[in-house]
Amino acid sequence: MCGIVGLHLRNPQLYPRLGELLTGMLCEMSNRGSDSAGVAVYGDPVWTPPGRGCVSLHEAEGDAESIGTAVASALGASVDVTELGDTRLLTADVDSEALLAAAKAARPGALIAGFGADLAVLKGVGDPATLTRSWGLAGARGWQGVGHTRMATESAVTPSGAHPYAVGPEQCLVHNGSFANHATIRRELRAAGVQFDSENDTEVGARFVATRLAAGRDVETALKELCATFDGFYTLLVSNRDSFAVVRDAIACKPAVIAETADWVAMGSEYRALSGLPGVERAAIWEPEPEVVYAWTR
Amino acid sequence: MDTVTSSSETSSSRERSSDTNSSRERSSETGTSTTFDLRTVSLRDVNAALHAPDLEGEFVIECPAGAHNVAVGIDAPVKVTVDGHVGYYAAGMNQQADVTIEGNAGTGVAENMMSGTVWVKGNASQSAGATAHGGLLVIEGNAAARCGISMKGVDIVVGGDVGHMSAFMAQAGRLVIRGAAGDALGDSIYEARIYLRGEPASLGADCVPKEMRPEHHQELGRLLKAAGFADDDTRDYTRYGSARKLYHFDVDHASSY
Amino acid sequence: MVSTDDTRARLGLRESATFDRATIAAIQRAAETGIYDIRGWGAKRALPHFDDLLFLGASMSRYPLEGYRERCGTDVVLGDRHAKHPLHLDIPVTIAGMSFGALSGPAKEALGRGASEVGTSTTTGDGGMTAEERGQSKYLVYQYLPSRYGMNPDDLRKADAIEVVLGQGAKPGGGGMLLGQKISPRVAGMRTLPEGIDQRSACRHPDWTGPDDLTIKINELRELTDWEKPIYVKVGATRTYYDVKLAVHAGADVVVVDGMQGGTAATQDVFIEHVGIPTLAAVPQAVQALTELGVHRTGASGATGRKGVQLVVSGGIRTGADVAKALALGADAVAIGTAALIALGDNHPRYDAEYEKLGSAAGFFDDFQDGTDPAGISTQDPELAARFDPVAGGRRLANYLRVLTMEAQTIARACGKAHVQHLEPEDLVAVTIEAAAMARVPLAGTDWIPGLRQ
């Protein structure tokens, strides 16, 4: 069980504050779970310089230098590695898919936390306040961020169980709630060749959406198909490079609040997560209706 | 299923101003007034102070910033104003007190209230007034899903809309909705009465429109007046209640279960 | 009439194990009535249970304690993690939640009398707190259920502990059920229902779903009661390992796990028999969860003095041997429901003729939902309820609780323990492979525990 947050900035003057605002939102949700946390940041020019392919790695063996060398060798081009907490952020002057293939070849045992242009996905074990400090999240910039804090059940809390799941290019998914029939859907996806990193129910939702997007569906259609296929109680936030979508299941017991101003759109599991956003006093605030996909694009 | 896609528009039907037509006055000069700032005093200490025996006077709670469990379990004829937004279960199990929330309320505001008044100036999240036995809950804005779920005698007046599954298993009490209602209004309702001015997206199992007799107009009029909506015309409202077909199991109604 | 096994065998009559007579009757009943069978009690089918475990008593290397002078303690502290006033019970056996409504007023009074006489707690049920029970019970645990029937802050504050109920072993995922014949005026008043109707009950709580929201709800209950009382969380045994972990994360002071043998007053037979897992399989999962979180057995008498989360186990506890085995597997205490009612007089042979008039028999009666109980225990009929003497009933319950305690002490002493909670899994062996696997103790005479990942 968890807390989820998302912030989509419309006003470029707020881009320098993305990290600061996202940090506040995420830490407000620590009471909902503080065993592990993850964020996805779109557009930080230092972490993910424009025009470069990006891959976020977790549990990669060796120090930054050795990882960089190995991946560069597999890629045939130079690779920069940034250490952010336990995450190793790789960037290179190639397409993200190519960089991803090289990273997998160089470090087959590592977890791919995310990949895609302008996307950094940071995950870790521990409470949100400590993790966000280790990442330096408060100083990050960009146009969109998504975050998740987790109440884990496994004694060995692992990064592979942490959200966001970024299983397609520039895609992220975070989830509050639990699915009830994901085991079967996981089997079907595996039979179709999809590989899983964990036994987590959220990952099944994420890979389901990713396969639909890869097949050419838009995000609204993919989420409608998810609602039709998955049982359970869930609030989902799915982000792409330029879009941000929220949907809840038909029964809608898990909490969700959306707030919108001319400058930003934000979503959180509780209003508290949004209470620090600039101009929230004037925001339109509502709770998403069940099975309605709310989407915003840049 | 719908999709709502927007790039630069805001969903204006959702905007609810908090300066609506409440005519309720608040006097701050009568008796003693004590202020708590939740930035510096712990919630536990605030609630403990509000549980003191023979409590009297007026209280203000500042900077709640969406905190949960604010002003729960009061049992005294006092006035409490919460200056800001609250999280879950604000004024839970309230007895006798008049609690005003100058902002939005999270899940379960006034849950299991026994008596007194809880007044939300903004919007309320899910399960507003859940299982409450008495008193009056006013929400000037909208209430989300499950408003009045399992209500057991409370009166709830909502200035705007209510979400889906409102008055689910509502056993007793009255729910007045000045706006529209979401899907499955009054699903599995027992003896509670619903007065709806707008349209229900759909009615729940065993919930049917009923005749508005003079006593219902009077009852509705009293509730609207108590909530600051005395100018409403009760003839604009439809009464809903139980068809009482689910009171004894009948195999022919099995699909309702 | 073909009435004996011999006769049938000679005639070559063979009953189908799949469509046996009981199954045939069930199908025909469904065809006649169009409604599922509703009954009381828990799972009746044979399951791996405590009977499949045996204690390793005294030996050359393990010395027994003498009775009487060499003390074997039985007290237990429940809920010392956060509450100002934890419960300190004299015996590790408590009375499980059973509603006024399901049970008659005199029956609830008897439970309170008997429990108080031996220094343990009773629990309200899905119908609210009665004055009789609060008046009689030295320690009263107040259940907080999805229906919230009768819930109010005054009673909450009168309680000694609060038990948030997610589910019970008989029907994990089901809500309360009370049929019209038991919705008497008093019951109707307490539950805010019209008299005589069939109660429809919610299976989920109305204002929270999931452990993240439960955390907030538990805090609300603490704030409402100024952090005075322990908060229990009760689950029916299903995914027990995860449930216990999440209950602890959500803030539970005590976790109550109820296996599928746990009883109910009324629910669908298919629910009772086919949903939930045996108590034996649930206990080690719960203990493992608590151990991994570092909160197992740290607050009980004779332990380290660290504050932990206690485990109460219920579902088919019948004898002191069951009590001892549950404690040995890691429970801090047990709860009894069905057994308590039997002690009061349920299914007593003296009512045999009356049971037969109802189409049942002593030892088989489970139609608590009908409210026609000749013993006057699970009925709202004033004439039947008047047959039950709560003072005598209380004495019977106290006697039974003392026997449970003494039996457990006898076993513990034979294992060399100065306190019943010092019993441990290493004191046990199993006599079947299933029990060995579920209880995670070795098959007798071997060191084999099936299913344990090395």
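By written order: A, B and C. Residues from 1 in each chain.
In the analysis below, a contact is a pair of C-beta atoms (placed from the backbone, for glycine too) under 8 Å apart; a residue touches a chain by one contact, two chains touch by 3 or more.
Here the structure is a predicted model, which means the values were calculated and not measured.
Participant: Once you've mapped the touching chain pairs, tell me: line, ring, star, complete or other?
Facilitator: It is complete, because no pair of chains fails to touch.
Participant: Comparing A-C against A-B, which pair counts more contacting C-beta pairs?
Facilitator: Greater number of contacting C-beta pairs: A-B.
Participant: Relative to chain C, which chain has the most distant C-alpha mean position?
Facilitator: If we average the C-alpha coordinates per chain, A ends up farthest from chain C.
Participant: Measuring from the mean C-alpha position of chain A to the mean C-alpha position of chain B, what distance in angstrom results?
Facilitator: Roughly 36 Å, centre to centre.
Participant: Per the centroid of Cα atoms for each chain, what is the distance between chain A and chain C, given in Å?
Facilitator: That pair's centroid distance is 44 Å.
Participant: Can you list every residue of chain C that touches 2 or more other chains, as numbers and ranges?
Facilitator: Counting only residues that touch two or more other chains, chain C contributes 213, 216.
Participant: By the touch rule stated above, which residues of chain B touch at least two different other chains?
Facilitator: Within chain B, residues 87-88, 107, 126 contact more than one other chain.
Participant: Residues touching two or more other chains, restricted to chain A: which are they?
Facilitator: Counting only residues that touch two or more other chains, chain A contributes 253, 255.
Participant: Residue numbers of chain A touching chain C in their complex, please.
Facilitator: Residues of chain A touching chain C: 1-3, 31-33, 151, 153, 155, 176-178, 233, 253-255, 269.
Participant: Under the touch definition given earlier, write down the residues of chain C that touch chain B in their complex.
Facilitator: So the residues of chain C touching chain B come out as 33-35, 147-148, 151-154, 156, 180, 192-194, 197-198, 200, 202, 206-208, 213, 216-217, 219-220, 223-227.
Participant: Once bound in the complex, which stretches of chain B touch chain C?
Facilitator: 43-44, 47-48, 51, 68-69, 72-73, 75, 87-89, 92-93, 95, 107-108, 111-112, 114, 126-127, 130-131, 133, 146, 149-150, 152-153, 168-169, 171-172, 188, 190-191, 246-249, 251, 254, 257
Participant: If we count contacts the way the header does, which residues on chain A are in touch with chain B in the complex?
Facilitator: The touching residues are 10, 28, 220, 224, 227, 252-253, 255, 257, 260-262, 270-272, 275, 284-287, 289-298.
Participant: Can you tell me which positions in chain B touch chain A when the two form their complex?
Facilitator: Of all residues in chain B, those touching chain A are 1-8, 10-12, 14-15, 65-67, 85, 87-88, 104, 106-107, 122-123, 125-126, 142, 144-145, 163-164, 182.
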